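One structure, pasted below without further comment.
First chain written, first letter: the chains are A, B, C, D, E and F, and each begins at residue 1.
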Amino acid sequence: MTRPITLFTGQWADLPFEEVCRLAASWGYDGLEIACWGDHFEVDRALAEPDYIAGRREILERHGLGVWAISNHLVGQAVCDDPIDDRHRDMIPASVWGDGDPEGVRKRAADRIADTARAAAALGVDTVVGFTGSAIWKYVAMFPPVSEATIDAGYADFADRWNPILDVYDEMGVRFAHEVHPSEIAYDYWSTVRTLEAIEHRPAFGLNWDPSHMIWQDLDPVGFLWDFRDRIYHVDCKDTRRRMSNGRNGRLSSHLPWGDPRRGWDFVSTGHGDVPWEDSFRTLNAIGYTRPISIEWEDAGMDRLVGAAEAVGFVRSLAFDPPATAFDAAFSTDR
Amino acid sequence: MTRPITLFTGQWADLPFEEVCRLAASWGYDGLEIACWGDHFEVDRALAEPDYIAGRREILERHGLGVWAISNHLVGQAVCDDPIDDRHRDMIPASVWGDGDPEGVRKRAADRIADTARAAAALGVDTVVGFTGSAIWKYVAMFPPVSEATIDAGYADFADRWNPILDVYDEMGVRFAHEVHPSEIAYDYWSTVRTLEAIEHRPAFGLNWDPSHMIWQDLDPVGFLWDFRDRIYHVDCKDTRRRMSNGRNGRLSSHLPWGDPRRGWDFVSTGHGDVPWEDSFRTLNAIGYTRPISIEWEDAGMDRLVGAAEAVGFVRSLAFDPPATAFDAAFSTDR
Amino acid sequence: MTRPITLFTGQWADLPFEEVCRLAASWGYDGLEIACWGDHFEVDRALAEPDYIAGRREILERHGLGVWAISNHLVGQAVCDDPIDDRHRDMIPASVWGDGDPEGVRKRAADRIADTARAAAALGVDTVVGFTGSAIWKYVAMFPPVSEATIDAGYADFADRWNPILDVYDEMGVRFAHEVHPSEIAYDYWSTVRTLEAIEHRPAFGLNWDPSHMIWQDLDPVGFLWDFRDRIYHVDCKDTRRRMSNGRNGRLSSHLPWGDPRRGWDFVSTGHGDVPWEDSFRTLNAIGYTRPISIEWEDAGMDRLVGAAEAVGFVRSLAFDPPATAFDAAFSTDR
Amino acid sequence: MTRPITLFTGQWADLPFEEVCRLAASWGYDGLEIACWGDHFEVDRALAEPDYIAGRREILERHGLGVWAISNHLVGQAVCDDPIDDRHRDMIPASVWGDGDPEGVRKRAADRIADTARAAAALGVDTVVGFTGSAIWKYVAMFPPVSEATIDAGYADFADRWNPILDVYDEMGVRFAHEVHPSEIAYDYWSTVRTLEAIEHRPAFGLNWDPSHMIWQDLDPVGFLWDFRDRIYHVDCKDTRRRMSNGRNGRLSSHLPWGDPRRGWDFVSTGHGDVPWEDSFRTLNAIGYTRPISIEWEDAGMDRLVGAAEAVGFVRSLAFDPPATAFDAAFSTDR
Amino acid sequence: MTRPITLFTGQWADLPFEEVCRLAASWGYDGLEIACWGDHFEVDRALAEPDYIAGRREILERHGLGVWAISNHLVGQAVCDDPIDDRHRDMIPASVWGDGDPEGVRKRAADRIADTARAAAALGVDTVVGFTGSAIWKYVAMFPPVSEATIDAGYADFADRWNPILDVYDEMGVRFAHEVHPSEIAYDYWSTVRTLEAIEHRPAFGLNWDPSHMIWQDLDPVGFLWDFRDRIYHVDCKDTRRRMSNGRNGRLSSHLPWGDPRRGWDFVSTGHGDVPWEDSFRTLNAIGYTRPISIEWEDAGMDRLVGAAEAVGFVRSLAFDPPATAFDAAFSTDR
Amino acid sequence: MTRPITLFTGQWADLPFEEVCRLAASWGYDGLEIACWGDHFEVDRALAEPDYIAGRREILERHGLGVWAISNHLVGQAVCDDPIDDRHRDMIPASVWGDGDPEGVRKRAADRIADTARAAAALGVDTVVGFTGSAIWKYVAMFPPVSEATIDAGYADFADRWNPILDVYDEMGVRFAHEVHPSEIAYDYWSTVRTLEAIEHRPAFGLNWDPSHMIWQDLDPVGFLWDFRDRIYHVDCKDTRRRMSNGRNGRLSSHLPWGDPRRGWDFVSTGHGDVPWEDSFRTLNAIGYTRPISIEWEDAGMDRLVGAAEAVGFVRSLAFDPPATAFDAAFSTDR
């Protein structure tokens, strides 16, 4: 296979970067999609310390790993979110949280996401994967009644906060790949359509295709690839398993923790869930996607050291390259 | 059929109570489940004005209608909700909203829901239908990461706010029938289990079975009746139609307004959706439910004057009484 | 519609024959499929009393009803059954039960089923509907291990007991229409194939198509009509509803009584269940079935006086005659 | 309902026009979609005889019927078809067939379809419904191997033959509504996309939405309405029922005649099949379709006099108008 | 994996115990669930011969195998069964069969099952797996009509016969794990509920979870684990494949032998069927099941030497242990 | 496994025969199903050149490969086809095409298919696999209206052209195995029934079971094996994957090329599709099929060198032999 298979380091940020490099290389990954948290890739240091990036590059090279994208989901989440609360405090850098005043947090998060483009360019990668946050996600139940003006305002808020950020991305020659995900401005098919309209389809903003969030919403991740084929900037392979056959486990999963068998769905090791992986990889071939295929490993019921090692083999076996010629040439007598 | 079929007046509160009585009677309803908003049933006046209740009774009797339950969803929503915002302001009485300080709104809402029991008793009905609100609904996506302590605190908050209210209900001989619904403390099967545990299954708190919110979550509304058979205090017949066959319309419905064909599901006139009505009514027979069957009519794609008239006939034809004797008696020679 | 719609009187045998005639006529039935139990049609009296049959005919005519078939399921059940026990005693005539010695019961039952052909001929009808019983039904779980020899012996026992009976049918110009049903020698598709082989497809033995027993076995009742089209001698319209969506209600229904919502399936009023009625009636047209369409009404959750009246209208609306000419004649310019 | 319900007269052309008018009016139709075959509407006479159109109008008015579209499927079929053979001879006017030389037939058919626009304008209607034919339909199995050049040539042939026709439509202010149908240039979703591209989306060419041909191809007729909402120029309500549950009846239906129960699908009376009619009508409301809803009645297993009378009631009950206001206004305290 | 994977020896009793040990060890099993038939484990000898048990233990140890449970399905079957016939004679020890008088057989079977607890204790295992038999299984079709009193008597018969047996189990510190199975007193979900009620949930009686019998009844084996989580005493991994897609192969499988493709379902090698194994093993983790996972291998279409070797690898790959910590720790900045 | 696994060389005819032998042997195939095109097996040379066949045999033996069948689909296609056009010219030998006059092509194709039997006999194999062509396939849409006489004539044409060919087959002791396939006289279940009737079930004509063409027609390939079990003369394992979940990709696949993700189905590497392989191989065991299992590899989205190597292992793992004895022998005490 010609496309690199990378490991997203976000769920491994409790381990030192070097240890993650060692593990990923030992399992056969070609590179990393490096998270901008833990000590994996620190945006402020990357811009402030002259040899920080060279140091990261050196560690990667020592393990024979490449990098084609970095990710900053956690800070991105704070750009548009409302409310801003302890959940954000616990996952963003102290320098972004500051005094915790919501609007201040949002502004500092926007600055940091712009800086992430600068750091990406410095690292030599052209893609930043992440989240946008959303001022209107909390109204998803549409009760108490929500006016269309409120929804419109939510998309406008997104455009107002992200257009200046995307100007920096354009300047740096970097693109932002938003992961369609609950809690974000674009979380399903039609909200993705609306989100792209809100920023007038500017090319700086595209999508990180992660099918795991589509499966439990009954969206078709394969058709999504085709319909948004000019905006697929990155691919994250996370898997989801539905288990709703008893009429008691529902889609909303009862605020139960990951791994609880009463949840209607759960994230599982890549290849153990309901994502139609082979159809997806074939469609990635069909739309000419040639960038990394990254594994985002998340499974509350399986040891990650076992699972991440298994997943790279699973993906490699299915994400094969297309053939060069059509099969029915053999039927022709024109030889 | 021996059980009364009533019309829930909540979606008709823009019309005067008397006009709703006239319409419901003309369509063949046996009575009303009266909403405590608009001018339909005003709790404060019911407790303050000596002849208010007699006046309501008189109007009902004039139209040949009965009443077995009143409903106060909108104020109930404010008891536990967080955030409290303009959505609440627009739907609760000014006297409950007051200065809009969130905790003050919650306390006044709790007082008003307690008063609703007093007013119900005065009206001679033993059931109040409604919502609870929820401090943790907004965390339904479970991202940014939510701790189990936060979820536990949400159920505790519910118990702390509702136990004093339910003391009043016990005192008045009235029961509260919570409608399992997104945005509430109990919104699916396992959250209902947890909610009942939080208040130690005290009999004052039961359920208003409304299957429309279960359908799009892939919950089984029929099994729900059986499993919670000792807590089914009221029945609201609202219907939901799923339309997700294209892989683009998802469960979360993209913040699209009611009636938009891109939504993955929508409320439709009772009998036009996916609720297994006959199985449900047969199970209500099996569990011995003998209270009203109320129609909550809501359909953004159909004229309500047409739909509500049709719905009462639909329900009456299926909600038949069980037979008195077993069918296989006829096989016996013991005659 | 040119085919008569009849009511099977088996589930009404606790009522006097004349009362059943009165009811059926008032609901619009064209005739009866008369059960040979209760006082509806007594085989021994029909053969012994010179004017018994004229009396029955007179009652029918008085109510404007016809008869094209009689049914003797209950005695038929005893012909091959093993064990013979109190269940049989309670449902067959005392003269057939006698001292209850199993082999004696079986022999007297065989004689009575032969007599039923004689009585049918006397009444002027050419079809007797019924059951066969089975020596091997009790081994349906195939554990403890059952040898193929035992199964073979079961079919042989059927042939040995029924061939002499069928000789009488041939002699009388009457045919027996077996109802494929659990507890019988033929209870599904392949056991029907085997049963017809066991008696070498002699024309005296055919089938009473009753789809209700096929639905819960996941058999296709429409394809059954086509495949056995030369042996469809009678049609009984009984309906079945599956309700297994919760993973707890199973196919075998836990020995629960009819009407219990925990059963995985139940008999319901014709038109309320899962039988594909319109496809079935269209296929009856396609195979040229021109005999009666009889309604066997059985529903433990509905009053039979309500249900049987409704069912005749349901069937009449769908069991329409085929058109005389092909629809695409209108496209031709050959006029 | 504000939109007229019309009867398509194509399947009734063996009856005189006046008789069809009498029948349609007696069943409650508002008007006709008149076929240009039989004596219903003769294009050549309409252009040649000064009072032909007035005569048609007079008959319609006498029966209280309107007309908003005429249809010329049969001649349209011959415009692009290859081969041209006896099937065409049997269904097109002798003047179009001429000597039967294929290319001559195609050219005369093209002229007649252009004339149909002229006749429509003369009649005062702005829509012609019909077929296009196709040079490549016969290659649908893609074996023996078919080159992409051959397929490209098929679409080009369509454009070459139809663009001059559509020039006449533009001139006359009439639009052609192509019925997506096997045997035509556009027969499914992606071939419709390609067809519209081939003529560069010129507005003169739109679609007659007939869901019956989509059902057995597993296409979603509701989503089709949304995606092609600016090209839905006419609606034909024909219904299809799938019956493939036995693994023997297949999609291609074995060259079996209409009405044979071994076919995997068949056309059935509107409302008796698998088209999601209510979802379709609601989506027609959502896209603002305000033109006629026409019933194309075709069912080889049902008498057409019975079926067409029933169908108009079925459609009228579901094709209701949308409401004027949003349902949740009643929740607001803003009164 | 920390739980042992064992092989149930019941289907291997035609081979000498030592040979089965050799095979199981060579395939990588951790131990055996030893059947009390063939020469595998003879209850009477275990109690009568002083060194019998030491001899069994020695053989196991020599092959590096453990034992945590013994099984006595065949004798257990005779405790409640009615009728008792040749099928029992062929599968139980001659000393239990005796003269074959049914009630005598039942009593001796009961004694032997009590002795099995004594022998288990002597062997040092605390679990006996097996069947109960049933006086009412034969009435599963509920025709001829069966009274509720008869069903009640069946459960009472079970309690009467098993309570004294279970007293011995309590005394010995051993528990009986009943396998929910057709032909037994508990054969589906609700009959299991009723069975546990009949013996008042005494802890001596629990369940051997074998999903193969649930699959063809459309029961959810995963939900079964959760609902009866305090009674799951043992696990047998047998698999079942449904093949009913043609409308001719039914649930009851036509008395056809195992392996016949016309059966609606069949037992297949573990991992080749429809049991949701991974969901099941994850739920076993979630309920804290830490006892053996035993493979009951049965497949009439596959060589057992091939299949049993393959099955242990299949189960080992999916029955992984749960992780120690939650996956989302990595998102926190609390480091 | 005792049956040989062969590779069908048809899709490899652009490679020299010897190279295909080398590849197949290196991947572990037991032999080849040799195509009569490319240089693989030339019928005319086999009959004309004395040592041609010995030469082919020598090459096979050198690579350790066997041969049990040869295939001549492409010439067979021309025997009945209408129209005959460039698609045929491009795939049949120039000597069969000749001047391209359709009837001449058909006659020469018939002669060549007869010669293929002679060549097969010379090679020492008793089976020729192939296609028949069809005069009526082009009417599959049944519009413009097709008369039953036309369909009847199509089957008669097939019989007229093939009976003389089959006489040669009988004479040579060779059988023709027709592959049920779109474009052929038999393309689904009922057209196969009709085709076999047309030639009066003469044994010289049987079937090459290739399930890939059944999957997208919703036919059951497993039941097909059982129903036509006496006519299964050869097996080709080609696989098909459906992908129609989005309501836009239809069964007829829009004339899109193989590998396009908008097609409703596509051929994929054996084991990557929707064919129920294990059920199929088990049924082949049940019907006693002992001839080759051939892999027809075709996948426009995968490199054939990767896929064909993988497929042989996939098939070998599932096409296991049946066991010699019944599993439940172990339950018996008769030892």
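Side notes on the structure shown:
The definition used in the following text is that a contact is a pair of C-beta atoms (placed from the backbone, for glycine too) under 8 Å apart; a residue touches a chain by one contact, two chains touch by 3 or more.
Please read these numbers as outputs of a predicted model, since none were measured by experiment.
Just one of B-D, D-E or A-C has an interface built like that of B-C, with over half of its contact pairs in common by residue number: B-D. In this assembly, the chain whose C-alpha centre lies farthest from chain C is A. Among the other chains, B has the CA centre that is most remote from the centre of chain F.
With centres set at the average Cα position, the gap from chain C to chain E is 39 Å. As a whole-number value, the distance joining the C-alpha centres of chain E and chain F reads 46 Å. A separation of 46 Å divides the Cα centre of chain A from that of chain E. Chain contacts: chain F has residues 74, 90-91, 144-145, 220, 222-223, 245-248, 257-258, 262, 328, 331-332 touching two or more partner chains.
Interface of chain E with chain F (complex): residues 10-14, 37-38, 74, 90-94, 241, 243, 245-246, 248, 257-262, 267, 272, 298-304, 306.
Of all residues in chain E, those touching chain D in their complex are 245-248. Taken together, the chain B residues at the contact with chain A in this complex read 74, 77, 83, 87-88, 90-91, 136-146, 148, 151, 154, 181-183, 187-191, 194, 214, 216-220, 222-224, 227, 244, 246-258, 262, 264.
Against chain C, the residues of chain B that register as touching in their complex are 220, 222-223, 226, 278-279, 282-283, 285-287, 320-324, 326-335.
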